[in-house]
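For reference, the structures are reproduced in the following blocks.
Shared chain: subunit A. Partners: subunit B in the first complex, subunit C in the second.
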Partner chain A sequence: MSATKTQMISRRKFLQLSGALAATTAVTNPYRVLYALTRDKGEITPDEIREVFSACDMCFNKCGLIAHVENDVIKKLDPNPNSLKSRGMLCARGNAGVKQLYDPDRLKYPLLRKGARGDGKWQRLSWDQALDHAAEQLDKIGKEYTRCGFLFMAGTDMQSTFVHQFAEAYGSYNVISHESNCLLSRNRAFLDTYGVMPTPDVLNCKYVIMPGSNRFEALVTPDSMDLMTAKGNKSKLVVLDPRFTKTAALADEWYPIKPGTDMAFFLGIAHVIISEELYDETFIKEKTFGFEELKEHVKQYTPQWAAKETEIPAKDITRIARELASAAPSAMVYPGRRSSDYEDSTQIRRSYAIVNALLGNWDQKGGLQVPKKIKPGSMHIEAPFYEDNPDDRVDAGRAQMMFDEEGSFKHTRDAVIEGKPYPIKGWMTYKTNPMQTGANRDKTIEMINTLDFMMTVDIAMSDTAWMADLVLPAPSYLERQDPLSAFLAASTCSGVITRDPVVPAMFESKPVFWIVKELAKRLDLGEFFDFTVDDFRKAQLKKIPQVAKALKEDGVYNITGPSFGIHKGKPFKTRSKKIEFYNTRYKDKGIDPMPVYKQPKTIPENHFRIVVGRNAYVTQSASTNNSLLWELEKENTLWIHPKPAIAMGIKNGETVFVKSLAGKVTIKARVTKETRPDTVYMDTGFGVLSKGLTNIFGKGACIAQVLEDKADKISGNMAMHETFVTVTKT
Partner chain B sequence: MTKKLGVAAIIMVFMVVTIGVAMAEGKGNARKGKYLFRKSCRTCHIEDGSAKDLSPVSKTQADWQIIFDNTSKLQCKEEWEKLSEKDILDIHAHLWGHAFDSPSPAKCK
Partner chain C sequence: MTQHKKYVIIVDAAKCIDCKACMVACKVENNVPEGFWRNEINVLGGEDGSLRTEFQPSQCMQCDDPSCVAACPVQATYKKENGIVVIDPEKCIGCGNCVTACPYNARYRNPVKRIADKCDFCEDRLDRGKEPACVVTCPTKTRVFGNLNDPDSLVAQMIKKEKLIRIAAPHINTQPNIYYFEGTQLLDWAVTPMLPGNINMPQNFWKSKSSSKEG
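On to the complex of A and B.
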């Protein structure tokens, strides 16, 4: 495979040409109102008003929406009442999607870096120039370092599948997702216990223990709405969190658990349930493996012992265990989502999974479910094999049980910096912002500085785009055609959704599908992208015409019918074909086959543990610059308890230094009792380097700059609660 | 003649044992195996194909092992005979390594 030379020009010639054509382009836009919004077409006639179905992309939930369009301008976004998953609702972030579309800060045309990385000096390119340059780099790096010398990273997006397909056709299996900065250790734990990642039926659950998750702020549909509905139906909610979140505020009981001790709490719960024989004996006998080993294992973990670890009274642990068992099987330990916290985060989540199994809530109403799903067809490519490629991923072997198709950002970054086991010199990112979401920002910069070439496809000039050599503008979700996306959700609301352009793509933005297709053409790989998104969708819909009809008429396809009691008699996808209290594969690999509690590291004197979280109006770094949402939070603050703040003479609103082994930032203190005295917190998504994010540039601090990059040993997931910081007056 | 047959039998047994041990040790290249599986098996084992649609997650690791231990009993044994020892190890690494109950089940075929 070689690039089509006739379609490319040499870098030298290209730079000569482009240098002569254009001067450095400013990224920031002095005009704060978009032309699209100022067009005055006079009175609107009914035929100029449209209502168009779409799916939200302000976070990963894909809630159904209806865009109200006048004169080809989206005036507002409404919830799609047909969407069962989103319960006919659209949150504040969803409503603010209009401002992602009509954002003067959007990337408008391809940009080539002109100064040093991160200097913010750019030169405008035509698409042909940009694609020729990118193809030349892909070809050059592939030849010099093998195809695996080019790394791909795509975030959660309905077009990310095309980036994966391009990487496969190009020949690199170094593809990572955002997930190793998020939820992989949770998936690992439940997969290794149940053989699948179940969804929680919060709506019908009578008793929910929520460790760490903040479902009333870090929204997950339908769980956030269902939890509120369930509370109205007298369901009990117990929250364990070092912070007094909105979820804690609305809970029946809140325990500011000592950070890093959740496993001790759940081993204590397991001890009570087993020692008092509060479990369903038939369920345990028929559906689980290793109960006797577990019984022996948890004897040591008494509620009195757990109380010393967690700082939650033993009588409460015992009572909660009894209450849970009494409500079972409509009772659960909520599995949560982001689990990138500790070096044993998989084992912590294993303890959640094990207690759920003791409650016998598998496939039960109000328990953990795997609802019916519909599988769209697919369009596979017959990717070539490149004999000179190395045998495995660059991060292989750095974690005990990494997911092959997800990888680990932390371990890949380390491998790129070290150049071992082989060099990686190119990087393409799409719809992901590891400069803000990957702990230890300095290390990400160090990684980028080892590269020969980096390209980013995004809607706005994120910090990751700011560090790239080539930046390509993508349309927002309201301007593009996407493939179908099937989703699973408990309580009868799994389904399928898609997107068509609500309005034409603005500026020179192009979807990533078009970009990789054009790159493939230039690299003699055009045969692997010899189709359109429409063709792709037709292949997806080939055997499910009912989905096509529903998408057209309702904007969503809902899967109806019960979501529980549908797996009776079916084996689990585990080695033992049962729910595994005891994991023999772990034992074979030298991993504890049942969760063994290890105390979290002691916080050094005059230090705090820093924790990560979310509020309801930001999606990590993707929405903090949105002008509507920015009105709600103009900068982040450091939550610090009054006790240490008073001792250090730190006043509310005062600027402080926050310092760790990874870095140092300045940020305003928020002196509040809503966090433990030993724990501090700040929101993600501020302290940006990019001057292309004009609302938030110069505001707040970047948490990735102070978080140290530890990893979960089993999954390779980032461990973001292992960092200790000092807080001092400026 | 008997002696020759005996030697052949010993060689066969040795090969089976060698491949078996190599499989158990996971010595194949799963990346190459994915390519070979598509090229050699997915020509028939595909949706609407002449044989049952197959992907790594179609079977458990134990079930795949039974297949690989008994390729001579398969309807498509002649196709298997065309593969080299290394090819079989690579395909095994892909299918067994990404099976239904494996630590890293395949997402796509």
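On to the complex of A and C.
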């Protein structure tokens, strides 16, 4: 069987890589491994100890790590100091990776749904039975509803590329990623201003305004570390957030801005910079397009006006604008990550992009820089053509400027439920959990209930797997061979990383590469997967042979060289070849060519706006059940300000109902001044339906159950902060 | 004369972002059971709706005059020449006297091993030429670890250059070996050490019984 072949090859390669002395058996009894975990250190003889490079997968950052292995059991994950990106750190989640591997809640073998969807009744299948069944469904749905009648959704994972390749060979262009629940509106805004998504050089920046981002807490990225170093070098950090996050706690200034008014703040900043002529005239002339229009446009947006909208005093807005301009070009508005907040989210981010351009920080030390990504090659396939396929994606035309390669979860789900413009009856998901991350969970359930067949490949029984008809167990990142993956961080620390199995795969888990390859064989598409991961890597390395050596010796390939002053004389990839204050493509499409402020909807009486986020030990729903991390957060809470809480008689720790148009949850209240009186807050990743997540089942509440599914008009990105809720005593 | 090592940690609490990487790293490295920790992040504020403003890591201070050592009836816990206060698992009877005798709440009784347990600066790792787990994993490098008796070490240089402080518990100065930066707004995690039966530890009790070999 090809699986064994793949594994043996990777195994040999990995033994070479790690220089291990002890050979190991190909098949490992999982229970022996679990037992071995509890053994005493004294029993281990030194020749059974190995140190192996890998890359973390507890979030998408791919931090370099070194696994300490004793007797084929991973005892500890340590940071790989060679990685310029992770700089010798592993966050709490990275450290908890061992518990993703040795987790009794892991999926162990293929499961077929028995009872109704979501009932949790399963029948164990052999891999052959499971694959035959899946192939039969793929074939049937393809014939009946065209190949585009099958939808594919893969999360941010180094093997997702194989799912995409499978969809291509199978013939469906209905492929969506997780990103439309996250950051697409940010990307849209910066691309449509700079022609590229720039990387912020936080390390050398002297003045950072961080609107809505929670860089010290929500995810530990290179920017988190750089921000702390910059802080030590007396850089100034100003945080705008309705919530007192840990980033706010460590900032020089925190403004609990009125939610949804960030654009007003930045238009006010632009007004001051332009009216007081605090910009670099040469830069504006040479590098930007539409300055006169912008000047005219922001005349109306005075700091006094912005103060009324944002509830930040006008004198502070004026002062911040001046301070920012005097620190320029080593000053920035931090672009942030997740931007799935408002219906005009792209336009809000356009206002950040525009202020950055006014600061002239492009390609400067401490400014916004050119992303330096190396592009590994790939194995191009000549996909077959299916004549009966519809003309376009199922979610086409629902957003003004959607990214075709990412799609929109929100719009696809609507299209599937409506059956318009054509029916979709099959769905494959891989390592993504829209049941938890996609606002309006009831709608996701409704969507699933219109399907003939849904299959999920994952490590544990996520809520999405819980709803599926067929659940297939995947190995964790520490047990599999992955292709190379380029990562992009700050411009100073991009690179390439890969993974070889540190320990053999446990239980009957199989990598998604093997799964799609087996499905392809059964569907007469075998020719498109006539390769191994090794072959794939060879193709990737063809034009970048230097990467192989670094991966072997250092466990990571770092791109070095200057990070600024490298774009001199080059045109921008925009229509005007310049940075666009004014976007003519927007104008052609009937979109405001410059961001026009629209007041956020008024919060109805006795309601709150709900906002969501995460902390340093939870990566959305994928890590809340990890027992090491669960110990740090056993359930989420509803943050509510003491003023309304006292008025309603809600005490700290008391269970409350939270209700919106999308649904109702029960959750414990955390009465705290760390949120505005008009805004309540919840962490992601709890309130699961899946009884296969034994630590968190029955704990806390699910954000997707209360959030309404609004979308950013331009990008189709989910808009999660447009929901109003009531909070009542139980 | 060969000079002994004197391991210390310097904590720059202003750098801590409360990400708890150090807590999870320590737990995995040292097999600390659920519900217990060898290290902790103490938070200033945050309760009753007040704002959280500072995060202070803490762990065993490897004291030069350790009251835990004085309280142990069977001499299972003692200070080594390298400065680390350790527990001999063969000798420890799990009575827990040392747990309440520590002014820094650094100890706990390990329910799996049925003996006292606490931070030992990851001695196993030091033997393998690695720094403590909590030190290496930290994104902001809040902790700096080293041998104070080596003048070239970063810790020795920092002690000379920076204004550092040590935190003494009420009534008792056990001569701790974790240093903090002077500006740190100190929390009251240091507690009054107790003898069995909730008896206050008499002044100098621990000094008379301490077996510190540091000079």
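By our rule, the second predicted complex is superposed on the first by the 685 of 730 C-alpha atoms of A that agree within 3 Å, B and C clash if a C-alpha of one lies under 4 Å from a C-alpha of the other, contacts with A are read in each partner's own complex, and residues count from 1 in each chain.
Here is the rule we go by: a contact is a pair of C-beta atoms (placed from the backbone, for glycine too) under 8 Å apart; a residue touches a chain by one contact, two chains touch by 3 or more.
It should be emphasised that the depicted structure is a prediction, and the values quoted were computed from it without experimental measurement.
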Partner chain(s) touched by A:D119 [first = subunit B, second = subunit C, both, neither]: neither
Partner chain in contact with A:R585 - subunit B first, subunit C second, else both or neither: first
Of subunit B and subunit C, the chain that contacts the larger number of subunit A residues: C
Which superposed partner A:E281 touches (first subunit B, second subunit C, both, neither): neither
Partner chain(s) touched by A:E296 [first = subunit B, second = subunit C, both, neither]: neither
Which of subunit B and subunit C A:D72 touches, first, second, both or neither: neither
Which of subunit B and subunit C A:L628 touches, first, second, both or neither: second
Subunit A residues contacted in one complex by subunit B, in the other by subunit C: none
Residues of subunit B that touch subunit A when the two form their complex: 29-32, 35-36, 38-39, 47, 60-61, 97-98, 100-101, 103-109
Sites on subunit A touched by subunit C in the complex: 41, 75-79, 81, 87-92, 94-96, 98, 216-217, 220, 224-225, 228-229, 232, 244, 246, 249-250, 616-617, 627-629, 631-632, 641-642, 652, 671-674
Subunit A contact footprint on subunit C (complex, rising order): 15, 17-21, 23-25, 27-29, 34-35, 46, 48-55, 124, 130, 133, 136-140
Interface residues, subunit A side, partner subunit B - complex: 173, 191-192, 195, 377-378, 380, 382-385, 389, 391-392, 401-405, 573-575, 577, 585
